[in-house]
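Look for chain A in each of the two complexes below; its partner is chain B in the first and chain C in the second.
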Partner chain A sequence: MKHHFNLFLVPALAVLMGVFAIPVVLLFAVSFWSVKNFKLQPDFTFAAWQRFIGVYGDLTLYTLMIGLATGLLCTVLGFVFAYAARFKAGRFGDLLLVATLITLFGGYLVKIYAWKSILGADGLMNQALMALGVTDQPLAFLIYSRGAVIVALVHFLLPFAILPIYASLRNVSETTIEAARDLGASGAQVLTRVIIPQSLSGLFSAFAFSFLLAAGDYVTPMLLGGTSGSMLGQFVLLEFSTNFNWPAGSALSFGLLFACLILMALIAGLSAWIMRPPRGAPS
Partner chain B sequence: MDHEAAPWSAVMIWRIILAAFLLFMLGPILLVVLFSFGSNALIGFPMGDLTLGWYERLAADTGFHSAFWTSLIVALATAILATLTGTLAAMGLMKVTPAAARGILSALSLPVLLPPLVVAIAIVVLIVRGLGLRLGLPVVVLGHILVAQPFVILIVMARLQRFDQSAVDAARDLGATRLEAFRLVTLPQIASALVGAALVSAAISLDDFIIASFTIGGGNTISTFVWGKMRTTLDPSINAIATILLVLTVGLSALALRVTRYKG
Partner chain C sequence: MIASSSPLLRLSGLSKSFGPVIAVEKLDLDVAAGDFCAILGPSGCGKSTLLRMIAGFIEPSTGSIAIDGLDVTRLGPEKRPTNMVFQSYGLFPHLTVAQNIGFGLALGKRPREEIAQRVDEALRLVRLDTFGDRTIDRLSGGQQQRVALARALIMRPKVLLLDEPLAALDLKLRHQMQEELRRIHREIGGTFIFVTHDQSEAFGLANLVAVMNQGRIEQIGSPAEIYLHPKTLFVADFVGETTLLDGERRNGRVRLKAGIEFDDKGRDGAVRVVVRPERVAIRPDGLAAVVTDAVFFGSSLKVSLRLPSDETLILRSSAPDAAEDYKTGTRLTVGWDAHDQQVINLP
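Presenting the complex of A and B:
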């Protein structure tokens, strides 16, 4: 007998309610509260939201752009890697997955620290470029820039993109591919008409995951972004801690979240439109 | 797809592409490990003499000791509790309609999709402002259970789906109570998945920085200890701490992979 609910679900759902659902709803409510003399008071004002749009509008767009660049890079690179591991690597395929898992658990802070040492003024990259004679003094723009933030975010999030894409590529059967080949499809046609349409769900979760986590990050831009690579997450932190403006911090968090959701809905719609079956073809 | 022998150049191109990927993915991590054994303070060549000096310095650092034990306690508590809530939920999800299971699973996975910063701040607002309680290790553990339990559910459900329910029915027909049937029939068969799920939960807990740094109140985990050092200077002992953390998390997840893959 199947029901809609089971008592075994209670502990996990209790954690979800107590540590996630209720806190998130309360945090949303706080965005309409006000602060007087450093005391947070229940209220119903849009001041924090006005501050989000007025002061942080541009930064939100920059943050979305960094998230979008990271998400797209992770999805494309993740697809190439997963495709190679699935179809081209033969017996090394499993080894590639182990390498992915090591990168996944390589430590969030450790990775940012590694990039800081690689891209820094007396870091490895500048040493190498100077040894090769590409430049005679360290290139300052390698670190503390939007590019540095994107490189480190792609490095951190690539495993999260590879795994769902690989999982969906595992469901693409070799028989279908060979059938397409035998019917005269070229390599590019096999890719765009057989493999990509069948791995669309994996591609989308890879993009969603890497885009959301990149757009919401604050540690990477803090350590690698300098002033030109700032992201909204840093200012969420700033409003909460230094400014003690919890309503503003809350409005910033949810503003970013809503902006991300709108952008993802647009992208989902766009990709559905691009991937629509050609006119006249049986679906 | 090797049914028609691929041309040699295509094979070479794929090898070069994969080598570039592995260099990008593993290179930065390997550098940190390598330089934890070098006497030079900064990452850069030449790396100086081989030394265990940074590790010796850590071994004498009481701040690191307490961070290390705090991390282990939090990881252990997370592993046990998340495995408990996640396994129960996985068993519950097997008993509800597929539509309900999909909806509940998505809801339980939602915390992993939101930025950890937002989740962490929301928890702090509830604990401090909503309930007037103090932050501390129990709050960190709760936050880690929230993030780890969806992974436990996925691992255990994958095992339960391959599990023959008729063995439990047979045990029940032969007079076993529900609990006996679970302990004697179900548990031995899913034990390896449970161990794997517990190890993954511990790895998630050890790797987390954001939730821990907001909810810990006072004291340090290994991650927040590293953060303290990263903020001030590029302290070279970070390489050694990072290597220890890496050995712990990669070791735990490799172990989890072995346990679930080879015995399950």
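Presenting the complex of A and C:
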């Protein structure tokens, strides 16, 4: 039996190797190559990696921070929304979920331009603030800043966070909640000791989705980030296209990838530590 | 019947309506300390709603609930001295068996040593001594039931509530668990209230049975009272095998369509007489009857008899040679003692 299954796996494995694994490995190898006269040459040098750390080190940290902020905001807001849809909305829960899916149809650029028109110098927000007399001239920092990038990314990525959390909350049986209350748990204790521990996998995939998509984004910072809200993705593009420095582009991509993986491992470890069994419970 | 001056649990005028639907009609119920009380009724009779009102999950529409003299009607489940064993157990899948059982104590911030010791005690009580470190998904249904029981009992509730505790188990486990529940009740001397639709379960466990139908308590009493002296047609019919015979009462004398009469005080009008099958026997002075069917059940023989009134009377005999006496088509005369019958007035 086992032998047959292995045979059946071969085509899928071949496709995966051909279109994913091999290109990724090749691209990784390129990060150790060099460029002479706009020609890529096989080599073994750490020049590209030095460039990544020396020139782009700070930017990588900022990028990770924007990703982290977006990921955390999406996870928290996504949990609040999914919790309401699962436990408070009754039979409208599924309808709320469909509504979140509909926002995905709108497209990505449309949302960015929508935020441009809200946050811009003569945008909705500034007009409202001026009409209210909070400020007498448009606030420049609303747009072309890290804040604007985070707001637009959270808006775009929230559905990707809601869906996995909702799926995991669906699996939390109501009887476990009643049982916890029966055993003396307050509302907050039900949340932290019964609901969240049972939906950790959903929370983590929500965070992973929104964090990775945010950290790797280059369109939003290009249109909304200005100079202060730049992200590494824009420079990956720059190195690959304008500079024709493929080794640097590759080192930037993989550097960001590794940084993201390390950060996610830390978050996973941290959340497992926070969610360890209740104090005083026998092990 | 309980006639204690201060019952442990007192329900007074308790009722629950969901919009226009009355789930539980106004009822009173007293349960004394140490009682093992069964709420027995068909599905949809409101028995689970009643239990959940006692636990605090459903707020009653009218009436009050007092436990140990203290009004708990407005308290949430986390503040009541009750604990519940849920029908689907509701064990925490992210915790081990020991952590499940210690959950309530850990919430109460008890010292670690005390929790560990009481969890060990609880595990021993439900005979899962070596299962503390297991995860929930590695337990059988019966073992999960025991964990749920231990998790509730460790809180030392004044009243332990059990919602169809044995319904999810197969027949053999159910008998075993029934024994276990009796033993645990004996050992800890607590007050248990459980809901069931299975009368053998109710009679096998409880010393006090409340029969419910359509949101009303039809009768409260010991299993023997309920079985031998049902007060309503529903109770007579729902509890055990029974024969109901048509009759009429005039001036304190009941005349049955089947052809016998006897003295019985009460108002004039149509009545039904309830007779339990094992109280019926062959007698020289009884009713004429013809055997229409006889089924052997191992411990007894169930015989269907046709009476002159065309009514069917059921007889159960555990005599060793019963099959000889009750061959299909045999004509015989049967009867029962007057105190084994129960006369119920029809409305």
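Keep in mind that, in the parts below, the second predicted complex is superposed on the first by the 260 of 283 C-alpha atoms of A that agree within 3 Å, B and C clash if a C-alpha of one lies under 4 Å from a C-alpha of the other, contacts with A are read in each partner's own complex, and residues count from 1 in each chain.
Just so we're on the same page, contacts are C-beta pairs under 8 Å (C-beta built on N, C-alpha and C of every residue); 3 or more make two chains touch, one makes a residue touch a chain.
This is a predicted model, so every value here is computed, not measured.
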item	value
First (chain B), second (chain C), both or neither touched by A:E239	neither
Which superposed partner A:L101 touches (first chain B, second chain C, both, neither)	first
Partner chain in contact with A:V194 - chain B first, chain C second, else both or neither	second
Chain A: partner with more touched residues, chain B or chain C	B
Which of chain B and chain C A:S186 touches, first, second, both or neither	second
Touching partner for A:E178 - first (chain B), second (chain C), both, neither	both
Doubly contacted chain A residues - partners chain C and chain B	178
Chain B to chain A touching residues, read off their complex	1-3, 14, 17-18, 21-22, 24-26, 28-29, 31-32, 35, 42-45, 84-86, 88-89, 91-93, 95-97, 100, 104, 107-108, 110-111, 113-119, 121-123, 125-126, 129-130, 142-143, 145-146, 149, 153, 203, 207-210, 223, 226-227, 230, 234, 238, 242, 245-246, 249-250, 252-254, 257
Partner chain B, residues of chain A touching it in the complex	2-13, 15-16, 18-20, 22-24, 26-27, 30, 40, 77, 80-81, 84, 87-90, 92, 96, 98-118, 120, 122-124, 127, 155, 158-159, 174, 177-178, 208-209, 212-213, 215-219, 223, 233, 236-237, 240, 246, 249-250, 253, 256-257
Chain C residues touching chain A - in the complex, by the definition given at the top	55-57, 76-79, 82-84, 86, 88-96, 98-99, 102-112, 115-116, 119, 132-133, 148, 151-152, 155
List of chain A residues in touch with chain C within their complex	173, 175-176, 178-186, 189, 193-194, 197-198, 200, 277-283
